[in-house]
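Here chain A shows up in two complexes: once beside chain B, once beside chain C.
Let's look at the complex of A and B:
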């Protein structure tokens, strides 16, 4: 056995190994303004339609209200069932339940048909953000169910905000008593700059995201969610800007609802 | 937030509002359906049209679930057999209740319901059966209590159910109609409408067992087609948001004869027929 016997059966690696060269340039979606040439504080254009699912069915299985919502590339639909007899037979207040599903083709990767844990989490977030706006005390023993389907998503926080707006429009379509419609808006922090309503690419490049759901007429925030690290001042500033964006989104929803009634 | 500066001068009625819109801050007004008040201001809680009757302000939404009134004639579906009662889906905020004590026994025997009646409740109404009933009273929580203590009420058979918007079915003197085309229609004010083959009342009266029967009469193909045509006519009136009464159904039926039954719900045919019906109803006043 000498030292210069070479193992010929296996493919041997080179004697010397070197570290790969990483590109130092990170792809920056904000390098030259925003990808879709929006202003930093501009929300993507919104399209709403209520009642797309209502006349589909002859039977009692038709929902009592529905809505379709687009914001840029985000497409969300929502069906409201109820108020109908709830499972708890002696509840003094009505209950609001939400079901959230990403369509398998809605993201850049294939989503599962089964409900995943993050979808359950988002469903809970939607319940928490919408329930304070519903006058549940006027619906004893009843339950109201919302079924949200994301047809196309573009930015996680923005998609959740779109889902909230879609449910609001569908609830109004169903004639359910509300204290106020809930409008939601998202932001992301890029460097030192807050950017409104980020797409997926923009969100990936950001360090922090913030979601605000708000009842603009009542001036109350129903849900606030932040991912990432900021200073208190930055958060404060973002909440303020987001609240203003919510008011603008709210105006769009209200204007649409008024137009449908005319 | 917008608040009327001078509510006395501005007519608040006929305004279109969305949830959370301030309607008035004048303390003289009382809040009605579809509104709530906070800090002496009345806000709307639904999207709809503001209506004012004297000092009562309410908002009427385009769509709403049925809310019952005593004396309403409705069609419901049994969802559950409970102790001494049936739960009935009445297209409302919560299920209605049909007590065992508020049904007629076969043959119209008048007596207190015994334990043996309780045990054979499913022979009267089982889950999924459709009932034709009247609203007798409310329970404390707002649930409707129904009764079927009349020969015309009871189990529905020989036909098909059509669901419509409750607000399109007005309350009227009679909700049971035998149309000239030989079809019986039960217009439930809760929006459930039963279209069935005409069976003379004398036949049911003669045979007491027939009230709770689950068997259909023999229905010929021609009768089935007429039932389907009437059902589609009601469905198209519903889609085009036209009031559903015996007159509007009869007129829609007569106008629809030129088209095959399956074409009635096609958009252009439905629009044409609905316009004819609306023009006719206007003519009638």
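Let's look at the complex of A and C:
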């Protein structure tokens, strides 16, 4: 009698249990060229749209500019608020603050709702890479804030680069005075070969990653980050290649922004 | 990084000075300040060091303690390596703006930078040696840095102190026993030897990189910027270089400007040369600190010796 009683509040598992299958082999994403058959120095296709968030309401809370950016699987959105009243009432220059958040479902593992220290650091990186492009001296006592949300991420360095490109487009949409747009690109070292714009699987298999943000018209490198070990020659070469990739990304952003004006 | 307010005249004086190769304290643009280094002053830690760049009271002062802990492996972690956890805290006694939550941003920046230099094969440490039994137990090195005073060039001081602390770190010996039960299953067990004399130094600590931080001021740059120079710094670049002259990490900081590519190339080349000099200088200071420590080992350590040692 007793074995017929079923606990209905509990989700009853299947009768038979099977041991899970573990993957023991480390897959080499470069074994036969790249996973998505790109060339080694090819950046994933880019999609940009400015103003997806500003048109939704005419209330005072609407952002002054926004952008949505896709690069392969990476999806990033950014909203710009400001120039608005800053915290310091006597500041000679405006301030630029950035807020960066991975959506909990954006990575292969679940991200926390709380802001983690790596998100805080990425926010700082974004400030350092974008702020040199903004004419902050023409916004005294004001603050400009960027809020970046990663909807989907694929490769850490590539996601940060995408966030930089997204903020650049959103700043232009908000009509903030800029010296130049900032374009960013990442690379990873696999063996002796630098590979542009790596996905997560490719990044996991690499020994070093490099991120370059650049203002191509002003010819200034606004951000540089290397994580991992290389020879000085490799670094120099990578900065050069990455700077060229930035110019190509920059062309895409500019072409889009010009098209929105027509 | 501490925000010191300078008048436009003072700023202009520093910028023009740097552009023509002079600095307010008489140094050349690539000269570093005096360093004092002490190791092993914290008995409860597995390794410790205190480093000060500049003179007493007008220098940057960082205290680093390394504490090792055995952690049990949980699924999802790497199977056969140990781990390093960094934490940097800027004391409110160092600068007024570190009070309350003011130090939060700089703490995060320094912690992540240290983590980027140390956590991974680029550090030169063999993390596999920190594994006790694969998929069972491993060592975690907690590197906790306390910034006691800030007068410019905080990153380089931090890396000096951390490097010295890790080089003076020694771990207790661990005995691993493999026991087979009646079913023929082998099971490994370990025991940490509780003998303060039976210690093994951390392997590969002498391969740790050293960092050189460049501050762009006007059209030129300086290394080891003072507090005043940092107030006019437009952009900062930290390059970590290993003793084998490999570049282990690069990070840019500073909100005001970027680097022209030609300057960047020049900085990367200079970084190697300075890193080589700094490594020799580090070795002299570290050996000094080591001998000083052993000669005083039989004296009772009190609060005043902690101060006097410095």
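Just a few scattered comments:
The working rule: the second predicted complex is superposed on the first by the 236 of 262 C-alpha atoms of A that agree within 3 Å, B and C clash if a C-alpha of one lies under 4 Å from a C-alpha of the other, contacts with A are read in each partner's own complex, and residues count from 1 in each chain.
Throughout what follows, contacts are C-beta pairs under 8 Å (C-beta built on N, C-alpha and C of every residue); 3 or more make two chains touch, one makes a residue touch a chain.
Bear in mind that the values here come from a model prediction, so they are computed numbers and not experimental data.
Superposition note: with chain A as the common reference, chain B and chain C can be accommodated side by side.
Once the two complexes are overlaid on the shared chain, A:207 sits against chain C while remaining clear of chain B.
When the two complexes are overlaid on their common chain A, residue A:36 makes contact with neither chain B nor chain C. Once chain A of one complex is fitted onto chain A of the other, the partner contacts of A:62 are limited to chain B, with no touch recorded for chain C.
Using the contact criterion defined above for the overlaid structures, shared-chain residue A:215 touches chain B and also reaches chain C. Contacts of A:137 after superposition: neither chain B nor chain C is touched. In the superposition on chain A, A:232 contacts chain C only, with no contact to chain B. Once both complexes are placed on a shared chain A, the shortest Cα to Cα gap between chain B and chain C comes to 15 Å. Shared contact residues of chain A with chain B and chain C: 215, 218-219.
Residues 55, 58-60, 62, 64-65, 83-86, 94, 133, 135, 139-142, 172-181, 215-219, 253-254, 257-258, 260-262 of chain A are the ones touching chain B in the complex. Within the complex formed with chain A, the chain C residues making contact are 104-105, 108-109, 111-112, 116, 120-122, 235, 237, 242, 245-261, 264-265, 268-269, 272. Residue ranges of chain A in contact with chain C, taken from their complex: 96, 117-118, 120-121, 124, 127-129, 131-132, 207-208, 210, 213-215, 218-232, 235-236, 239, 243. Chain contact summary for the complex, chain B toward chain A: residues 1, 16-22, 34, 36, 43, 45-49, 61-65, 77, 79, 87, 89, 91, 93-95, 141-143, 161-163, 192, 235, 239.
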